[in-house]
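In what comes next, chain A is part of two complexes: it sits with chain B in the first one and with chain C in the second one.
Let's look at the complex of A and B:
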């Protein structure tokens, strides 16, 4: 069942800019420029793109705190901008850089407030809180004022607060920003658990591709307000024409290695880097090098998702449509 | 019913968060008490020169001073209301988070401010008034009724004060930095509430006017109710006057809030 439906969604901002001393010109910024896609119940979707691509604008429209300028949008059958309050009970939102917790009061007090705010039945509230406390290690923190929590602790506290009323969808805007490795792992583990246990649909924006690799079966890449990729991670590799890199250590510096099927990247003394398509086998390349050069050692680096995405972004910037724009 | 319960939770939480700042509370009490002494000596000099100034005798004038110090924090006359935080949230954009909650923004912050005022009336009001009463002969009532009317009047005064400051805070949706407007409104509040001098001292049309402005609800009216300058039907009229201002200003706040939210929702702030 489709839980989130976007059809030609647009958001245009009018920006006034001063031109000369008194004159001001108006011009339009198309923050979201015709996005169409659907998200099924229970999916975990990564929503990525460079800064200013339109990610947060989309999330704001999905929560109803921003009205679309065009297109159609439904979340759980509700038009978010029209019925923001009705929708609120069915979604959970975590903005990584903003907190909904009461700054000076213990975590527990903020949770009691959430219970009142969303009218969560007592038994349900207890069960949910207990589960969150267990999975997110919140027990020692419940009595600590929020201002004394570390960033990672606060983030875990915020995520729990967003889930106490059993939302069907959880939007996370950069949930792991600024977190250390251990906190990141905890947050990711928890999100996987929630998704598996309750079937909560998760839509997350991030700049941390580790989040995507470990959590999402589907990635949407947005740039300049347009969807430039929508599909699995492997499809992203194919789309980005990923390459694997062969790092070759020779016995002595030589001229750049030239063998069929591989492309010379750079050299540093006796070490050279060669790239070849991710889909191809390394064996013939290796054999060719071993036969003609004084090979000492070598290693193969797997394709880096960051580079794939960086390439997608730059292509978008050059004005060309993304290689697999399905939207 | 749901809204009332939620408001109660917000108010209690707000009360508790202000209660966590104990050192600030103690410092505030010391400041209020010190200023009480300075003003009390000034008023003693004034009233010995001009007895019955503004219709008060000296014990009433001194009581006015200490009531003023007791209410200064609770009515947030010089700023420091709960909505200060809202101002920060508007500037940083965190207000977006508040908008997706199923709660009314104005009611939320009104509840928070009432919780704050309740704490500050107890934490910062009781001690200065008690010290003043020990050090000076104050004309304070000995029967419970004027005290009850006084508390009602203070509550209404707090609501009026909040409603005014909420209007000011909403301007930051357009100005982004509302601190200039806030400073101005603080100055107006100190003068027009009677904190500087009782409003009954001002003669003629000017005096009539300042006593009709909303700020008089925050000190002049509650003080007159406690001093029993206004009692019986006149006290009822005083409370009615405050209630009218509270409703009118909250109503204006609702209208402005609607416009502000529409602006955020359509233009993204």
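Let's look at the complex of A and C:
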């Protein structure tokens, strides 16, 4: 069942710019330039793109904060811009950088307010809170004023607050930004759990490839307001011809490593860098190196999503359409 | 509306609890608010040690004007005064977090940063009003005169509240516009503490017909105190405050809707 439907969605801003002392010129900025797609109930979708690509603008339209300039938009059958407050009860939103928690009050108080504002039945609320507390390790934090929480703790607190009213869709804007490894892992684990348990549809924007890899079976890439990719992560890597980098530490300097499936990049003493396609498995390459070279240590660096996207976009501009065509 | 008022109450309760979490600082803020708002009444009292009447009004009559406008502004300030922080929320984008909640955003903004310390002005004005009533010859008052007192305070609250809301609506476009609105609310309050007879007719006309602050206390107070209207308006005007207040609220509501619609189509 389609939960979110976008059909030729557009958002055009009129920007006034001063030209000379008194004269001001107006010009149009197409922040979202005709996006069409659908999201099924229970999907977890990564929504990525460089800064200023139109991600936040799209999220703001999906939540009803902004009114689209053109196209058609439905979330759970509701037109967000026209029935914003009715939609609000059915969606959860987490803005990574802006907390909705009460700074000077214990975390528990913020949740109590959510219960009453959203009119969550007492039993439902208690069950949801219990589950969130358990999965996000919030028990020791419930009585702590929010101002005393660390960034990671507060983010966990915010995510729980967005889920107490059983939303059908959860929008997350940069949910792991600035978090340490442990907090990131907790947040990701929790989102997977919520998605599996309740079938909550999750749409998240991120700059962190780890979020995408561990959470999303589908990635939408937006650039300059257009959808340049919509599909799996594998397809994205294939389309962007991205490469993983193998950093090999040898026991002593040798000639450049030559093994099938990998490309020599550079060497620095006993350390060498090799590149191989992101979609390929690392195992045969590793086996070949271990068999023929005095291997001491090695590590694999994941491809940088921003680079993949940049490559995707230049391709699109050169005339070759992305794998799913241009939105 | 009922939903909005309920949400307003819930959010206000959260702010009150946040405030009293710092009890000493809260008590001090109330005391300061009480004292600072009382200073301008002290100034009036000092003036009256040198003169017997101001624009033909006795000290008790001026105290009556002071108390009524102070109550009206104090209540409006308590209920809606934090709305002038809207500009900051628009600028840093935190207004968005209010827009995704299932309650009307007006009530959320109105309740935002609710400052209980503003009870200081309300209580100080109430004291002055009470004192003036003991000094005026209220025994001879008709039922109409008696009823006019609460009516004018409530209408005045609505009129000042509408100015606060209009000012907030304007901040959707100009985020630093709160000073303009302050000149009408806090500035208007200072104006209304003095009898209309001490001001130029043009000014009195301005606050009657343009920004109808004269309906907060001047016009109904003239009836209560049994005095003539310097503009010579028909007598029913003294009873028009509730209607004027309703009109102001309608204008404010339209301005608010317009501002919010503008925000949602431009994202500011």
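Quick note on the criterion: the second predicted complex is superposed on the first by the 246 of 327 C-alpha atoms of A that agree within 3 Å, B and C clash if a C-alpha of one lies under 4 Å from a C-alpha of the other, contacts with A are read in each partner's own complex, and residues count from 1 in each chain.
In the analysis below, a contact is a pair of C-beta atoms (placed from the backbone, for glycine too) under 8 Å apart; a residue touches a chain by one contact, two chains touch by 3 or more.
For clarity, every value in this text was computed on a predicted model and none was experimentally measured.
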Simultaneous placement of chain C and chain B on chain A, clash or fit: clash
Which superposed partner A:66 touches (first chain B, second chain C, both, neither): both
Partner chain in contact with A:104 - chain B first, chain C second, else both or neither: both
Which of chain B and chain C A:75 touches, first, second, both or neither: neither
Partner chain(s) touched by A:219 [first = chain B, second = chain C, both, neither]: neither
First (chain B), second (chain C), both or neither touched by A:203: neither
Chain B and chain C contact sites that coincide on chain A, given as residue numbers: 13-14, 57, 60, 63-67, 81, 84-85, 88-89, 91, 93, 95, 98, 100, 102-105, 109, 113, 116-118, 145
Residues of chain C that touch chain A when the two form their complex: 7, 10-11, 14, 17-18, 21-22, 92-94, 96-97, 99-104, 261, 264-267
Residues on chain A engaged by chain C in the complex (per definition of touch): 13-14, 57, 60, 63-67, 69, 81, 84-86, 88-89, 91, 93, 95, 98, 100, 102-105, 109, 113, 116-118, 145
Complex contacts: residues of chain B adjacent to chain A: 2, 5-6, 9-10, 13, 16-17, 20-21, 92-94, 96-97, 99-103, 264-268
Footprint of chain B on chain A - complex, ascending: 11, 13-14, 31, 57, 60, 63-67, 81, 84-85, 88-89, 91, 93, 95, 98-100, 102-105, 109, 112-113, 116-119, 145
